[in-house]
Structure formats: C-alpha cells, structure tokens
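Naming follows writing order (A, B, C, D, E and F), and every chain is counted from residue 1.
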C-alpha cells in the first residue's frame, strides 16, 4: 500500500515536470530557450516516472523483480547521460545554422520600430 | 490490447504521416518519419506484438532516419512539394 | 493500479500534443528536430508504462532500453548534418561578438 | 449510432486504409524522390499494421510464456523421473501418453506438465511474418536511397519533373 | 589491468541485463563480454596513465557528487516549470550568451563540467574549446549562478585532487 | 497529375473501405486468423516441441526457418545491390565530393559520450541476440543494434575511423559468413539424413537431446542472421553517407 502511494506520487510529480517541458516548448520565444525546455524538462520527469515504476516493481520483492528494477534504473541513467549530449549537439548545430539569439532588448527595439 | 492508447496513437499516426509528407524541408521530413516510427512501435507494443515492436524500435531509432539523413546530405535538402 | 497507469499514459499522450504543435508550425527545421527528440524520450517512458499495464515489464524494458541508447543517434546525425553543411566556426573566439552584445 | 459503432469496432482497419492511401498518394503524386520513398515506407507500415491487428486477441498477453510456466517445466524435469519411479501407477493414469520417448530413448515432449492456454497468448504467426518484413523494408529503403543518389549523380537533381525534362532535351 | 577491470565492469552490466543464472547463459555472457572487451575496450578510460589508487578515489567520490547533481537537476526543472508557467510575456526570460574560463585539465573532467552545466538550472553548454566554455543562459539568476565557480571546484575536488 | 492521383487513390481507398465490413471485429479471439489450426498449434505446442518460451523466435527460426533464411538472403542481396549501384572505385573521383575537403573539428563532449556508450550498446546487442529465446529479441534486432554501434562510431569520429575497425571487405565477408552459418545448420541436418533445416537430428553431433538440439541450433541460426544484418546495415550506411566513395562521411 505504501509502495503504491509512493509510486503514484512519483509518477504524478514526473507528469507535472513533463507539463513544464511541454508548455515551455510551445511558449518560449526562440530556439535556444525552447532547447532549455526540451533538454531539461525531460530529464527530471523521466527520472521521477521511471523511479516510481521501479519502486512499484519492487512491491513483490524477488531477485527477478530486483533486476528488472535495475534495468529500469539503467534506462534513466542512459537517458540522463545521452540527453545533455544531444542537447549540446543540437544547440551547437542551431548556432552554426545562424539562429538569432532572442533577447529582451531586441524585442523592445522591434516594438519601438513598429 | 489497450484500446485507449490504440485510439490515440492511430489518430497521431495519421497526423505525423501527413506532416512528414507535407514538410518542404527533407531533413525535417526524415526526422518526422522517425516520430511516425516511434508511434508505430508504441502501437505494436500495445497490441502485444513485442518482437515486431522491438524490431521497429531498433530500425526506426537506429538506422532508418540515419539513412534518410545521409541521402539528404548527399543530394539536396529542399523539396519542391 | 492498472487504471492509474492507463491514466498516466493518456496524460503523457496528451502532453505530446503541444510537441506535435511545435512539429507542425516549427519555424525552422531544427525546432522540429528538437521536438522529435523530446517525443523519443516520452516514447521510452510510455513503453515501460505499457509493460506495467501488461504486467510483463521484464519483456518491455528491453526495447525501452533500446530507445534510450539509440534515440541519441538520430539527433546526433542531424547535428552532424548542420556541422557539415555550414562551414566550421570557432564559437569561443570573437566571431559571434555581435550576438553576444 | 450504428455507423459509429461500425467505425469504432473496426477503427484499426479504417486507419490502415487511410494510412495506406496517404502512402500511395505520396508515391504517385509527390515530385521528390525522397518523399516518394518516405511514402513507400508509410505504405509498408500500413500493411504491417493490417497484419498485426488481425492477430490481436482481447485479453491475451504477449506471445512469451510466463516465467512460472518455464520454471515449472524445468522443475518437473529435475524431479520427474523420481516421481515416475516412486508412484508409477498414479503417474501413468494421470498423464497417459505424455512420457513417450523416441527410438533413442529421448523424451519427445519437453515439460509435459505445463499447460498452455491457447487463447491466453497473442497469435505469433503474424508477428513472425511481419518481423522480417521490417528489416527487409529498411534494406529496400536503402536500395531506393542508393538509386536516388545515383540519379543525383547523373542529373544533379532529385525532382522527377526536372529529370524528365533533362531526358527529353537529350541532357 | 585496465582490460580486466573493463571486463568485470561489463560483466556486471551483463548480469543486470540478463537475469538468467544457469550455466549456459552465464557462459554466453562470458563470451559476449570477452568479445566486447576485445573489440572495443579502447573506448573506455582514454587516459591510462593514472594509477589505481587515484581511480578508486575518483570512483568513491563520484556518487557523492552525483547526489548533489540530482538536487541541482530538481532545481533546474522547478526553474523551467516556473518560467514556463509564468503569466504574460515571460518577464523573467532574459537569454544571454556567457563565456567562462575553466581551470580543469583533463578531458573527462571538462566533459563532466559541460554536462553538469547543461543539466543545472537555466544553462546549456554550447561549445567547449580549450579551456573556454560558451554557455547560453536563460535568465538573470542563472547568469550570475554560472559565473560563480562552485561547481567547478566540486568537480576539481572529485577528479583532480590528486594532481594538485 | 495530382488530381488524377487523388482520384485513383480515393477510388482505391473506397474499394478497400467497402471491404472493411467483412473483417472480423478487432480483438476477436475466434477470428479466422486466430482460430486457424496452425496458429493454435504454434501457441500450445511450441514449448513442448522446442523448449523455447518465446514462440515468435521458435516459429521464426525453426518452423519457418526456410522463410527466414531467404529473408536474410534478401537483405544480403540488398547490400550487394547498393554496392553495385553506388560504389565508385576511382581514386580521383570528381563526381561525389563537390564540397571542399572537410576538416573535422573534434567535439569533446560528443566524442566522450560516444566513447562511453559504444561498448554498452555492443554488449546490449549481444544480450539481445543471446536472450532471444526468453525475452523479445533475436538476430534481426541484435544485428541492427550492433550495426548502429558502428554507425555511431562513424558519426562521432569519421568514416575512416570506423573503417579501421571494420574494413569494407571484411564487412562483406561477415555478411557472407552469416548466411553460410545459417545454411550450414541446414546442410548438416541434411547430411545426417533429415530434411534441410530440421534441427532435431543435430543431437547426433551435439551433446543434447533432440529437443535441446532444436533449442541450441536456433541460437546458432540467430547468430548467423545477426552477422549478416550487422554487416549489411553498416555497409548500407557507409555507402549512402559517402555517395559510394567511402570517404568523408557525415
């Protein structure tokens, strides 16, 4: 019962973090800031959801289930390992492509011009 | 079979298929074809076809979009339609 | 508990909608690629959740792991594409001074 | 209402037709070779979707035996002979022909005590048919992409109408 | 020495993957691990001049650092959540490119620093060249945060304590 | 042209949709495909006859071994076709590289991550091949993942670096060896007096019962498939990315 509650809380927290990433991807003004939402809104939420599921898996405590929980943790490790690198590679690609960095001042100037 | 998931995925599938064919940028088209393949994998996992889903996961994430990107890199990126 | 997992899965699917919006309107190609990357991560989580619903997680973890390991290749290939098409720049030097100010 | 039920009970078939037609349209009408190939892949996955959705059973799990069943089988193997010698009569009556052996004295059935419910597992036949189709599909996609690159090497473009014009004008 | 430790490490990973403990599957595991060690053990541990003692010290210190890192990632996600859900035209979003210098020597430590910066609140490493890092920072708070070198000191205490 | 395509597509779609009414309901356990005797046999008897818990692997490698063998041959043929279409052997090739000579700037972050990840991907691929009997997986999936690890080497460094690990001729040899392994199992069975690819007879040359012989032969066959798929996936990538010159990859 306690394990079920822990699992539900962790998964719900993870989904809330997913909301942060998803809303950020829609609302943020330029490519770089969207990259912040995409690259980071995901790491913690994936961690929370998967740890919650691994905890649920352990409610029936056997060696096989322990190893499966270990594999689920492996998934988190690999995601947290690969995600910063792909974030870095993509943001560098964006800079090479010549994406403009949006700043507060730019926006004010364009508003003045209009 | 989880019918709630299946209904959602089937609608998403049609959307991604149409987008990947409508985008003018071939690089984006090949990446969106990757999303189509992710959704297909989820659909098969939901239909209890694990081995098929596993093959689709390995092929879709690992090689097929890379092949498309390689061709786009060696030919041209813009498409007329 | 199974109902909860179905609910969580539907919530994650619903959160794919904003990302699909970004894929549809995304002004540039690279915005779309970023969105694809995010959907890949969500797919990994959803696969584990589907495994939980079937109560056979041990079988489903394998290809969630495949996604975790291989999803990176697609983004990396796209990034390398931009790296090759645009001439190599040295960003830590003064070339982007004007953007920084 | 009847119409709605007819759609919802066979929703997967409707979607498979729609996806297949999207792919077919792309193969016919799109001008760009890479787009045509993406259309071909979409067509292919639509067919695979059709096959896999035929093999779905309500309430069936994935076509892999449960760990308990496999384990029970091995367990029986270890102790089966002792039980056989110990209480021959009882065993023979309950599992009449299960302990048949071939001419070399080997058992012809592995773990005869394991009962497998035919409706409890999804149909593996369609999965096998389609599994190889995916890998073969990616190889044929590769062949198509190679032909596209060859065209680009010859004509400098991958648009179909421009290639037609170049061929007509004698290059 | 390094090959043996890589073999043991990979075999540990295999055990977690496999979950089957009969002799046949363990033998397959030994063969597979030996094969991977033979063809690609060069990928692990680029710098092989370090002694065993220094390596063990690193391995002991890394989990402590990672737990701190996890806390930072939590903060980072809360930060993104707050920024994304703030009303109006996102007044706190003030992106800026920052350039910092690092004193870290080894490549692996630099990689660790770059990834840590990417995972912590509001900053992403764009490029790393020599000892200079180019960083994109999303708001005022994070800009000041990254210019402070607390994280670098922590990483230096993990990886380069033996050198200095 | 487009309107013509649209009309023909709509007509075809309408014809197919009009047939939808005759299909069984989705998930019907008594549909013809599910109640067919062969499907029932594969579900209920596979474990007793081959000792493999994963029915898909057993049907793939044993009951339908002939089919799978020639699917592997199709993959091999696709690899050969790509080489014969695209490969150029002239050293002073003007056609392919329109760009200037590319100087690769090593990216520290990507390079380090890939270095740490590649051995684990390879180990995972071998795990998938070896455990195809007990969990989803097998030769095709493991081969694709193993090929992807070579693609990752080529992406993170360059094509030449990957060629140092897997030279072109060795790749094709590997692909051929894979098919030979597969066909070899069938031929040995044939020489022992049984049908082609009937593994049960292999207990004469293996220390195993006929059922175990089928189990172990399936693993051997999967390894053969994995060889071919690995080699051909990498070969296709390296040809496509360099436009057949095997220089200057992505």
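Definition applied: contacts are C-beta pairs under 8 Å (C-beta built on N, C-alpha and C of every residue); 3 or more make two chains touch, one makes a residue touch a chain.
Remember, it's a predicted structure, so these values are computed and weren't measured experimentally.
Seen from the Cα centre of subunit E, the chain whose own Cα centre is farthest off is D.
Interface comparison, C-D versus E-F: the higher count of C-beta contacts falls to E-F.
Averaged Cα coordinates give subunit A a centre that lies 16 Å from the centre of subunit E. A straight line joining the Cα centres of subunit D and subunit F is 14 Å long.
Subunit A and subunit C have centres, each the mean of its CA atoms, that are 9 Å apart.
Centres computed as Cα averages put subunit B at a distance of 19 Å from subunit F.
In subunit F, the positions touching at least two other chains are 26-27, 54, 56, 96, 109-110, 113, 116-117, 120, 124, 128, 134-137, 140-141, 144-145, 148, 151, 155, 233, 236, 240, 243, 250. In subunit E, the residues touching two or more other chains are 13, 17, 19, 96-97, 114-115, 125-128. Under the contact definition stated at the top, the residues of subunit C that touch 2 or more other chains are 16, 33, 54, 58-59, 62-63, 65-66, 69-73, 76-81, 84, 91, 96, 99.
For subunit F in complex with subunit A, the touching residues are 107, 109-110, 113, 116-117, 120. Listed in rising order, the residues of subunit B touching subunit C in the complex are 2, 4-5, 8-9, 12, 15-16, 19, 23, 25, 27-28, 31-32, 34-35, 38-39, 41-42, 45-46, 48, 50, 53-54, 57-58, 61-62, 65-66, 69-70, 72-73, 77.
For subunit F in complex with subunit C, the touching residues are 102-103, 105, 110, 113-114, 117, 120-121, 124, 128, 135-137, 141, 145, 148, 151-152, 155-156, 250.
On subunit C, the positions that touch subunit F within their shared complex are 58-59, 62-63, 65-66, 69-70, 72-73, 76-77, 79-81, 84, 88. Residues of subunit B that touch subunit F in their complex: 1, 50-51, 53-55, 58-59, 62-63, 66-67, 69-71, 73-74.
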